[in-house]
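Heads up, the next two complexes both have chain A, just with different partners, chain B and then chain C.
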Partner chain A sequence: MTRRGRTGLWAALAAPGTLWIVALFAVPFYAVAAVAFGYTDPVFNSPVPEWDPRYWDFTAFNEIVRRSVSGDLRPVFLRTLLYVLLALAVCMLVGYPVAYYLARHAGRRRGLLLALILTPWWVNYITRMLAWLNLLQDDGYVNDLLLLTRLVDEPVRWLSGNPVTVVLALVYGYIPFFIVPLFSSLDRIDERLLEAARDLGCSGRTAFWHVTLPLSRSGLMTAGAVTALPMFGDYYTNTLVSGSPTTTMVANQIEFYLLGGNRKELGASLVLLMSALLMVLMAYYLVASRRAEEVAA
Partner chain B sequence: MPPSIDRRKFLLVSALASVSAACASERPRRPSAASAVPLSRTDSPAALPLHDDIPMIANGLSPEKGGTLKLLNYAEYISPDVVKKFGKEHGVEVEITTFTTQEEAIAKLRTAGAAFDVWFPTPDVIAKAAVGKLLQPLNKTYLPNLGNAWPQLQNPFYDEGARYSAPYNAYTTGIGYRADKVKDATGYDLLWNPAYKGKAYLIDDPREALSLAMLKNGSLEINTEDPAKIAQAGAWLTELVGLMSIKLGITAYQYVPEGQATVHHCWSGDMINAQSYLPKGVDADVLGYWYPSDTTGVVGTDSVAVPRTATKPVLAHMLINHLLDNAVAQENFSYTGYQPALTAITPEKMVTDEFVTEQLKTAIVTPDVYARSQQIFQISPAAEALWNDAWATFKAGQ
Partner chain C sequence: MRRRPIFLATLTWAYVIWSLVPVLVAIQFSFNDGKSRSAWQGFSTQWYFGGSGSVAEDPSLRLALVNSLILAVLTTLVATPLGVAMALGLARWKGRTSRVANGLMLLPLATPEIVMGSALYLVFTNLYLFVPLGLPAQVLGHVTFSVSYVVVIVRSRLASIGQDYEDAARDLGCSRLQALRLILLPLLAPAVFAGAMIVFASSMDDFVISAFLSPDASSATVPIKLYTAVRNAPTPALNALATLLVAGSALALILAWLVLRRRTGTKALEEMASF
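What follows is the complex of A and B.
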């Protein structure tokens, strides 16, 4: 087969994927932009998407940027960033040891343990969250336990707009997505490298610090990206466990503008702004993970 | 956030702005202050325009046979039994398409090729729909039961002469509470009482919640377009964040009986429905509903109309008439929890018929309540934007 023919074959093989991305990402994304930069129907007050970029109107987008930089959306953005960072930190503290144990020490039981970690995710997300709502009630089992063990003197108000609950709920919702990629990256680390480190005089701790941790960096980055992206877009967890203005995240405001009222262009603009920020983070991730791979190689 | 991102964002915005300035445009722009649709008020009713190209159906036609009668309604907002019996009687299938907001319903009605026979709009969108040619005028000769409706709604302010709509349900907005925990239900200040901190909820809707703040503070201007007054209402609501750890929701029918909420700003139908959400061993007497006995309450109604695209318009009229029948309406009520706006439905009768407990008599709406209460009207798009802004600021929770 000629080189040219082969290129054609690869292009043909990539076609379904390309089509998929165009149909399910590019077109909807363009539709969001068309709503954000479109106009409003004078009779129905409903958004009319403007498909022709020559006629795009950026008033709504400018308003959203202004409010995000210095207005009411600023605390919302900062809060969202803080919650996601905290949730990632907890994911790391909880998820790393679990993934490490699975990859290194679980032996024959690792398949079983991995399955057990994923088992709760066989249950529908809403059902699991509703179960938590019952457990976290003022007179629920969680508070019963805390009171019984004298960890607290009065019931913790978990569900009264408590930021701690929101962060923990985010962790709970996404931690398997953190553990699984991290596990696979830890699992791939060549045991002989660690043996070499020990031969060269490293203690267990320093071997971890100088060999395992740097080698799992790309896995950590992937796990972080895979969990952070949906956390940024999550609004329902927050609605369920808090529903209070004290914990409003960006996605909650997007939901407000897109589900009701006649300012859909503001919601669509907020989607675009959020996507732009996430793309910056994504670009950083791509650059950093390539660098991490180069180090590993 | 690192300054470089801010700069990048700034550059992006300026780039976009210059592009937009560069291209001259003759397209319609953002909503202007003037609305293309008449804004009806109880004291200045609107007669909605009739269109030559959309005639009403002729008198005395016989109902269409076979096929599917298509309803466009909120979820769980009509009794499946009532619908099934009606379909059986007339030999048609009945199919219900649901929506969550009226904007969504209008989008569905405007979809090319979509046809619906009966739609359940709220009064604030009927004018838009009539001006926008989505509805057909009703032929009242098919609606003898319209006489069962409240007198005010046989000729409603939002559709003078009931050209396009018939009344469906009525409800008030008040405060649902746990009668076992609240000693006296004194008024709107229930939601400003720190004794219920963390167990207090507002309806998650800008107009309803901001109106509550105005009414609590003695203002009846719940349709104002004055930016200062709207912002003031937002400030009043913000008090609740610190004072009450206020939460937002629309599931009072569940949270009050289950005890997650002690006081919940809600619709009257929520408390009637709450009777079927009581956990085992909890008595219906724990449910209370407070509604002001003066003019400071909010009342609302829903209606039913026939879209222009109806393929079974005669049968659609017959279903509307069926729903206005006293017995059918009461059966429907027992399913939806939302009360038909019919004169035969009185608080006393509802208690005797064991529809509601004595304590929930306040959740039944009467023509008197309707007459003395305030209503949330359609306002200009520009004003609606202000209400939304005030709400977004409150929700951002600085």
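What follows is the complex of A and C.
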């Protein structure tokens, strides 16, 4: 059989899926650029996409960049970065010990614990946020508990523009995505390396700092990328638990411009700018998951 | 001898409790015998059916549930065959085009949902004008983000099956297509089923893509309904709706796990964890 005949079947099988992703992933992304670099119809005052790159108009995009560097969007970008970094820090402080315990010490409870840690994945994200909305009402269980233990004198207003709530809600929403990849990388560390470290005189703590931590670095990076990407693109958590302009994040602005009004070219420009900024994280994630698949195979 | 890590154990169990208790409380209040979502007034199923404003009686809640189910079923029916074919093709087809297709397939997994939602929204409102927003656009969007799940699951199973069975069938006179149909597909069945269930669950759970492609309340899915209704006078019926959604996707994922477990033992959980 000819070489062409041999690859023909496989290429034909891969073709529909590939075409689907081109038509509904690559082309839509181009549509974002076409809208961002389009022009405004003078009669209807509405944005018109420009499909030909030779006629692209960068006015709207430049406006967004200018506003992000020195204008009103600058605090929004800085706030988004701050919230995501804080949320990642909490994810790491809580998630690392949990993943470590699960990989090393859980013993015969390991299956149960893993199932419990995976449970939030079955539970819809919005549902999990609603659950907290109940508890965080001014007269909800959380304030009841705080008042009862005399930790506070009057109810904390959690749900009206409180940045602490936003960061903790992000943590609550995304920490399962952090723990699981970290767990699987900690789980792969060869136990014998730790025994060797101990035989050579390391204390448990030194062995952790010099063996476990460096070996889990790539897992930690993957966990960070997997968690940070959706956090940067999250607008619903913020709307649900705060809804105040004082905690607005970049994704809230995107939603506002794209679904809220007729300045879609600004929304599209913001999508492009954010994607450009997140490119490094996305590339890292792709390379890492590619490597993980090769290791598994 | 290693000391028992009391601190780590406490922290871990505290984390598990923190992650699950709020949801359990929310489920509990879906059975409340009263209008409150924070004060327990006894057990009742009135928010599921029977009572006015229950999921079964309120037209908008019922519609959301039906919309979610239709969307998830259609997405699963399209994405599963598409993904299985793509996995087979990409695993066996070597060449430069195949490498590009491979990279392209992984991209939707790494793209933040808001970027994908915006892009789909803009392409349907500016270029693919023949696809109306609402269910048709939502199905196309959901298939786009789920195909990659199916590809990844099926391909990892394919790698562990190896090429031997197929080669043996070919030596015994099967054509390439027969070997595929008689040998490879039956061996892949558990992975295909698990992939389908994961697609079903993630379609039911999706909020962002559905919301960007939903022009009005008639195409609201359960997550969209929960998101919009919570701001105006929520009742325990909302908790009941959420509980039904959770039950639906939990059922799908438990089925996936049971099927995967038969083949790969306890590793199945960890395998599923990689999504």
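What we mean here is this: the second predicted complex is superposed on the first by the 250 of 297 C-alpha atoms of A that agree within 3 Å, B and C clash if a C-alpha of one lies under 4 Å from a C-alpha of the other, contacts with A are read in each partner's own complex, and residues count from 1 in each chain.
Methods note: a contact is a pair of C-beta atoms (placed from the backbone, for glycine too) under 8 Å apart; a residue touches a chain by one contact, two chains touch by 3 or more.
All of these numbers come straight from a predicted model, not from anything done at the bench.
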Is A:E50 contacted by the first partner chain B, the second partner chain C, both or neither? first
Given the touch rule stated above, what does A:V65 touch, chain B (first), chain C (second), both, or neither? first
Of the partners chain B and chain C, which touch A:L259 in the superposed model: first, second, both, neither? both
Is A:V280 contacted by the first partner chain B, the second partner chain C, both or neither? first
Contact-wise, after the overlay, does A:P245 reach chain B, chain C, both or neither (first, second, both, neither)? first
Larger residue footprint on chain A, choosing between chain B and chain C, goes to C
Partner chain in contact with A:L73 - chain B first, chain C second, else both or neither: first
Does chain B (first) or chain C (second) touch A:Y235, or do both, or does neither? second
In the overlaid three-chain picture, which partner chain does A:G161 touch, first (chain B) or second (chain C), both, or neither? first
Which of chain B and chain C A:Q137 touches, first, second, both or neither: both
For chain A, which residues belong to both interfaces, chain B and chain C? 133, 137, 243, 259
In the complex of these two chains, what residues of chain C are touching chain A? 2, 4-5, 8-9, 11-12, 15-16, 18-20, 22-23, 25-26, 29, 37-38, 82-83, 85-86, 88-90, 92-95, 97-98, 101, 103-116, 118-123, 126-127, 140-141, 143-144, 147, 151-152, 155-156, 159-160, 176-177, 180, 201, 204-205, 207-208, 212, 222-223, 226-227, 230-231, 238-239, 242, 245-246, 249-250, 253, 266, 269-270, 272-274
Please output the residues of chain A touching chain C within their complex, sorted ascending. 6-7, 9-18, 20-22, 24-29, 31-32, 34-35, 49, 94, 97-98, 100-102, 105-106, 111, 113-128, 130-135, 137, 139-141, 172, 175-176, 180-181, 183-184, 187, 204, 229-230, 232-236, 239-240, 243, 251, 254-255, 258-259, 264, 267-268, 271, 274-275, 278, 282, 285-286, 289-290, 292-293, 296-297
List the residues on chain B that touch chain A in their complex, please. 1, 5-6, 8-9, 12-13, 16-17, 19-20, 23, 25, 27-32, 35-37, 100-101, 103, 106-107, 110, 128, 131-132, 197-199, 201, 204-206, 238, 241, 245-249, 259-260, 381, 384-385, 388, 391-398
Chain B contact footprint on chain A (complex, rising order): 39-40, 42-46, 48, 50, 54-62, 65, 69, 72-73, 75-76, 81, 133, 137-138, 157, 159-161, 242-248, 252-253, 256-257, 259-263, 265, 273, 276-277, 280
